[in-house]
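Next up, some structures in structure tokens.
One chain, chain A, appears in both complexes that follow, with chain B as partner in the first and chain C in the second.
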Partner chain A sequence: MKKKWLKRLVVVATTAIMGLSLLAGCGGNDTETPDGGAAENVETPDISEDTAETPDTPAVDGATVQFRYWADTPEFSQLMQDIITYFNETNTSGITVVGEEAPWDGGGFAENLFNSVMGGADIDVATWRLSSTPLFVNNDLLADLTPFLDTWDGVSDIDGNIWANMREAGGREDATFVMPWNLQILYVYYRPSIFEEAGIEVPTTYEEFLAAIEATTIDRDGDGTPDVYGFGLRGGPGGQEPWGSFVHGRGGSFEDMTSAESIAGMQDFIDVFQNGFAPPTAPSDGFSEIIDNFHSGLTAMTIHHTGSSGGMEEVFGDDVSAFPFPAGAGRWTSMADTSTVIFESSENKEAAFEWVSFLATGEGQRMWTEGTGNIPVSGTVQAGEFFQNNRFVQASIESQGFGGVIPILDTTPEWISTIFPNTIGQALLGQVTAEEAMETLQDALYR
Partner chain B sequence: MKKQSILSRIFLLYLPLIAILLFILFPFYWTFITSVRPAEDLLGRVTYWPSSVSFEAYRQLFTTTVDFFAAIRNSFIVAALTTAVSLTVSTLAGYAFSRYEFIGKRALMTMFLCNNMFPTVLLMIPLFTIMRTLGFLHTPWSLVLSYTTFTIPFSVWLILGFLKDLPMSLEEAALVDGCNRRKAFLKIIMPVLGPCLVATGVYIFMTSWNEYTFAMMFTNNATRTIPVALRNLIGQLGVRWDLLTAGGILTVIPVCIMFFFAQKRLVTGLTAGAVKG
Partner chain C sequence: MVKKRSIYPYLLVAPAVLTILLVIFVPVLNAILMSFQSYDLRRPQEIAFIGLENYRAITENTLFWGSLWRTFAWVGFGVGFQFIFGFILALLLNHSFRGRGVVRAVSMIPWVTPGVLIGLMWRWMYDGNFGVINDLLNRLGILSTNIPFLSQVETALPSVIIAIVWQGIPFFALMILAALQGVPSDMYEAADMDGANKVQKLFFITVPSIKNTIFVTLLLRVIWVANSVDIIFTMTEGGPAWSTQTLSVFIFNQANSLNLGIASTMAIVLAILLVLVTIPYLRISFRKED
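Our next item is the complex of A and B:
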């Protein structure tokens, strides 16, 4: 008798637990519920109920801002934690920022963030790449920053070209979803000693640049194989950025990649490889390879941003310098961004804006950009001694005026990750012509 | 029988054995020497031994924001709990499926198989919502529950296969001798099931030890596991090879130790017969 009673109790308890779990699961995407999740590990913010429930009332004082970010190295991770500590200790509104680090994961950061936000995670602010914007905007996940920007005096401290890029990413004229933070502007690294050996000066036009690539391809021992290649061409992942400079150098554009000018730019890119001015591995070379090739002295020039300048100086000292990509019929260089966004589900948008504005123009901007070597978006910080005395940063700042991004469309992520490397690989190896390759790229981006 | 000459043993046994061992062990050797190379040796000319040995990468793993000790602790808690929960449930379920006839048995077993056919990404958002609502998010339980959803079905099938091969006469003999079902299961079946449980346990432990996707979604800085901590070392601007390889070496050590002990039980299990005659 007792055993039967026990069995029944176990069955009822199990059914109740399963039912509760299902109900909990069916609770859906209730993003307004602030309990659970990260809040469990954070001290409960001291916000009065009235303030939290009324969206029109500023909820700044004592608010907690959940901040999701990625850090490229353990040093950057420590730096971000220092910045958060500094902000928490010095802001006068009693705002507490809680930093939550997540891996960059080869770009998977945005996908994980999307899943979390869709699942109702309590995230107020996240670090950002512009290319992720359409996905989040189409799902109404990002807050429009326009009301905050209208009354913020830091707007004018940031270049108008940067604001234009931020607005364009959202796809709406009347809304800005992304807050600028820092930039990685591509420029050309070169080895002054190899330029001297080749008897050339720093190129000032696109034509001179192509000639410099040829001149710095040097066969020192006369065995028929170059010991130094003029250009560390990037045909693998991320190669669309330097490639874009060639296309624009001939007057082409991303909007019409099948124009004669765009095709001519592509032909130049192919010729650099097929004429033997780039290492044989170029069709598959990505970031690590072009940097390693430059470090080992195999290439005389390559294109990258300040993120690699520390390593360059460590290896070469003064025997490495930089110049902006020269102007031809047109001029363009990739201006990659790292920015921030505030989520629509955030209940502390004002406090969140204080944090992102601190990162964009305040002490947070100075600390982060000086610590990482990235280019500041704030004109005031750019004018500081640290950046004025750095030749790599100077090349970046000089490139800022013609910096841009690959058109941000729904097709862009796949175009960058798959279509471009495959197509450019075929073009470099002569399997398709420049014209055919450009048609493929055009169709895939604007399909 | 003709005795093999020393020469033929060398060419037919030892040399192929050495070649296979080299093939298998070289990646581990390479990982290890990368972890102890000084930073300046990591790039540039390839050498098969370090110019000097430095344990700086190991030091940094434990003293910087990587906090590898916490990651090891968290991974161990999650893997141990998952193994305990999955093994308990799977053993009982496997026993029920193999010894009892009940309505819906076939459908349930098929459902267990189908469960593994759903791509993980499909489960991600619903599971996240469930964990958040239950208050399990950012606790080891969120991972334990997630991992058991795909380790239990596989383990049930694994144990079921083993149990089906066990002759019923073993239990029948116990029952005749006065045991009840529970006692027969604990005293007779469980000891025989030992090697199978070890093999299944190793599978469950390894799966949860190495899992990344759920761990990335359901943990925070305090509960982060090893795969997430290591993935943090792969940034946009490059890979911290020294820290990554040092972390890799430390990660495989517990697994190797476990295999070392598990191997004995596995071999015992393979050679032990159930009933004679």
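Our next item is the complex of A and C:
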């Protein structure tokens, strides 16, 4: 009898364990990488030549800096290795950077990094997205860079607005936990040939932009189904960035998403889909889908950053161009960052700062941004010939003045990954009104 | 004379017992404890014991109830169709025909394919713009415009259920086929002599003979499918508009958001539900032993 009950207990316990095992092994999944896109060939400096950009503070002799980073393509991976090699061979402080690559994994990079650092992993510096900052700051994992910045002459080479974003992410006025590195500023890609077919010019106002979306929705064969949709609307993961431009276009804001202006912007977003100006798959379309739809000629416009410009040019040559998101009652575009941080647990913070400052304004900045097509934070590098002669980079730079970030709170990652796409899905599919959707989004972000 | 009990056997099993305790029971116990705490790593300063508050919170969350009902649909339809088609496949494979070995091997492919790959494959096939399913239906004249299968609420859940059905059929087929081959042929011969037709033989000989296998297989698949995240997450991430978010996907999302208290609470609810599913199995199996 005892034996029988023991067997029963074992079966019940095993089943319970199988159920609870769900908590193990969580990870993310998304195909978009934050800087994704084709690399242009970047000129690697001749290491034998002296360059003025290499660090020269001999306070950290012989230190080793453990650096964890993600690279979106094999080309970017090689580029980072080249930059590390260049730094190791040219810095006068004898610092050795040891690079450890990890996949972006749809944001899983940050989660894995959090687990590693909490577990005591030996990491001094990591590449970063601002949205992860509150989690790490709340757990006292990041080093305050203020003492280093106070004596660093590179500070003025980076726009004050960027420094403000870095400080704001940490939630403390007196501390800067994040070092700027490069930017991805969203703008509108469009097909000049389709604009010509529709008989329109590049829109200069938000209203004209909405009209252009309608005008470039074209039913060429007259079967009642558009052959070209005006806008590659992103209702799935990552859609909060283009959506934010619509909300601000009507004068709304992220701070008060329930205002009449914000709701009007949301209604525009919904109307683009419900009026048939975006592909029917838009409620679930993410990065891959909007890019594929644009590449295939299914959409006339879409919103993304320079990371996809190489692929666009490869497919369309000159029949693709870009313009900044037009101004309406307000104006906003996403200015996503890729930055770096130094961990509080690092025993080589000075050496680590040498490395991150090299990436922010030194030769490392030039090599990385020219190689990836991302926008440099260094004014000096930005003024270089490479960035002045590229129409996509120009659209980015023109957008820099009104670029911003989604409010960075401890709720932001969940808001971006699940709340936003599902709530937008409900709104696009008519399950909730624009007002109800905005209330949900407001409550979830500021709870 | 009392025989002295040796400590030696206990020493031998101790490493295994300790390992099980450390890698299974400690994390499970930890999950149970977390379900009674406001354990949100985004707000570590606020971690505290809150009793049954997490349990109350999830019962007031409409997303939880929606996810629970979708879990029933996901498991019910998913496992149900796997069983029906798996049974049919097993009956077919139980007959000898030319190339049976090849068919058996090929039919196992869905089962050995990783869930993430299955999710990606079906997502591409379902694609509302360029997917092969829309293309085929258009060419056959069944559709005039594409259906965005994974982008609308009405079709998203059935679409992911079809994917898991496709994955699970071979497992049922394999298990049932093995059981079928253990049914004595003289029973069928006796039934033939009594004039039983094929349907009677199926329901009065085949099914009763393999019912234990069917029961165990169903039980295992219910547990696995209820816990599975990979296919749904790869295909829809629980969307659009939460329409494919099952309880396991909800738990996964909450754990990913570092809200481990709520995630643990829902995991325990799911575990209790799965324990309830095993009770009929326990009753039947122990009644048989008695």
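The rule is simple: the second predicted complex is superposed on the first by the 388 of 447 C-alpha atoms of A that agree within 3 Å, B and C clash if a C-alpha of one lies under 4 Å from a C-alpha of the other, contacts with A are read in each partner's own complex, and residues count from 1 in each chain.
We adopt the following convention: contacts are C-beta pairs under 8 Å (C-beta built on N, C-alpha and C of every residue); 3 or more make two chains touch, one makes a residue touch a chain.
It should be emphasised that the depicted structure is a prediction, and the values quoted were computed from it without experimental measurement.
Colleague: Does the superposition put A:Gln426 against chain B (first), chain C (second), both, or neither?
Modeller: After superposing on A, A:Gln426 lies in contact with chain C but is clear of chain B.
Colleague: Which of the two partners, first being chain B and second being chain C, lies in contact with A:Glu414: first, second, both, or neither?
Modeller: second
Colleague: Applying the touch criterion given at the start, work out whether A:Thr380 contacts chain B, chain C, both or neither, answering first, second, both or neither.
Modeller: Touch status of A:Thr380: no partner.
Colleague: I'd like to know which partner A:Gly235 touches here: chain B for first, chain C for second, both or neither.
Modeller: After superposition on chain A, A:Gly235 lies in contact with chain C alone.
Colleague: After superposition on the shared chain, which partner residues are touched by A:Gln394: those of chain B (first), chain C (second), both, or neither?
Modeller: neither
Colleague: According to the stated criteria, A:Ser296 is in contact with first (chain B), second (chain C), both, or neither; which is it?
Modeller: Once the two structures are laid over each other on A, A:Ser296 reaches both partners.
Colleague: Taking the superposition as given, does A:Pro280 touch the first partner, chain B, the second, chain C, both, or neither?
Modeller: Second partner only, chain C.
Colleague: Under the stated touch criterion, which partner chain does A:Asn88 make contact with: chain B (first), chain C (second), both, or neither?
Modeller: neither
Colleague: In the overlay, answer first, second, both or neither for which of chain B and chain C A:Pro134 touches.
Modeller: The answer is second: A:Pro134 touches chain C but not chain B.
Colleague: With the touch criterion stated at the top, can you tell me which chain A residues are shared between the chain B interface and the chain C interface?
Modeller: In chain A, residues 21, 24, 27-29, 292, 296 are touched by chain B and also by chain C.
Colleague: Across the complex, what residues on chain B touch chain A?
Modeller: 43-45, 60, 64-66, 124-130, 132-135, 137-139, 216-217, 220-222, 228, 231-240, 243
Colleague: Provide the residue numbers of chain A that touch chain B in the complex, in ascending order.
Modeller: Residue positions touching the partner: 21, 24-25, 27-30, 33, 35-38, 40-41, 70-78, 81, 99-106, 112, 115-116, 118-121, 287-288, 291-292, 295-296, 307-308.
Colleague: Contact residues on chain C for chain A in the complex?
Modeller: 24, 27-28, 31, 41-45, 116, 127-130, 145-146, 148, 150-153, 156, 223, 226-227, 229, 233-234, 236-243, 245, 248, 251-253, 255-260, 263-264, 267-268, 270-275, 277-278, 281-282, 286, 289
Colleague: Within their complex, state which residues of chain A touch chain C.
Modeller: Going through chain A, the ones touching chain C are 4, 7-8, 11-12, 15-24, 26-29, 111, 114, 134-135, 138-139, 225, 235-237, 279-285, 289, 292-293, 296, 298, 410-411, 413-414, 417-418, 421-423, 425-426, 428-429, 431.
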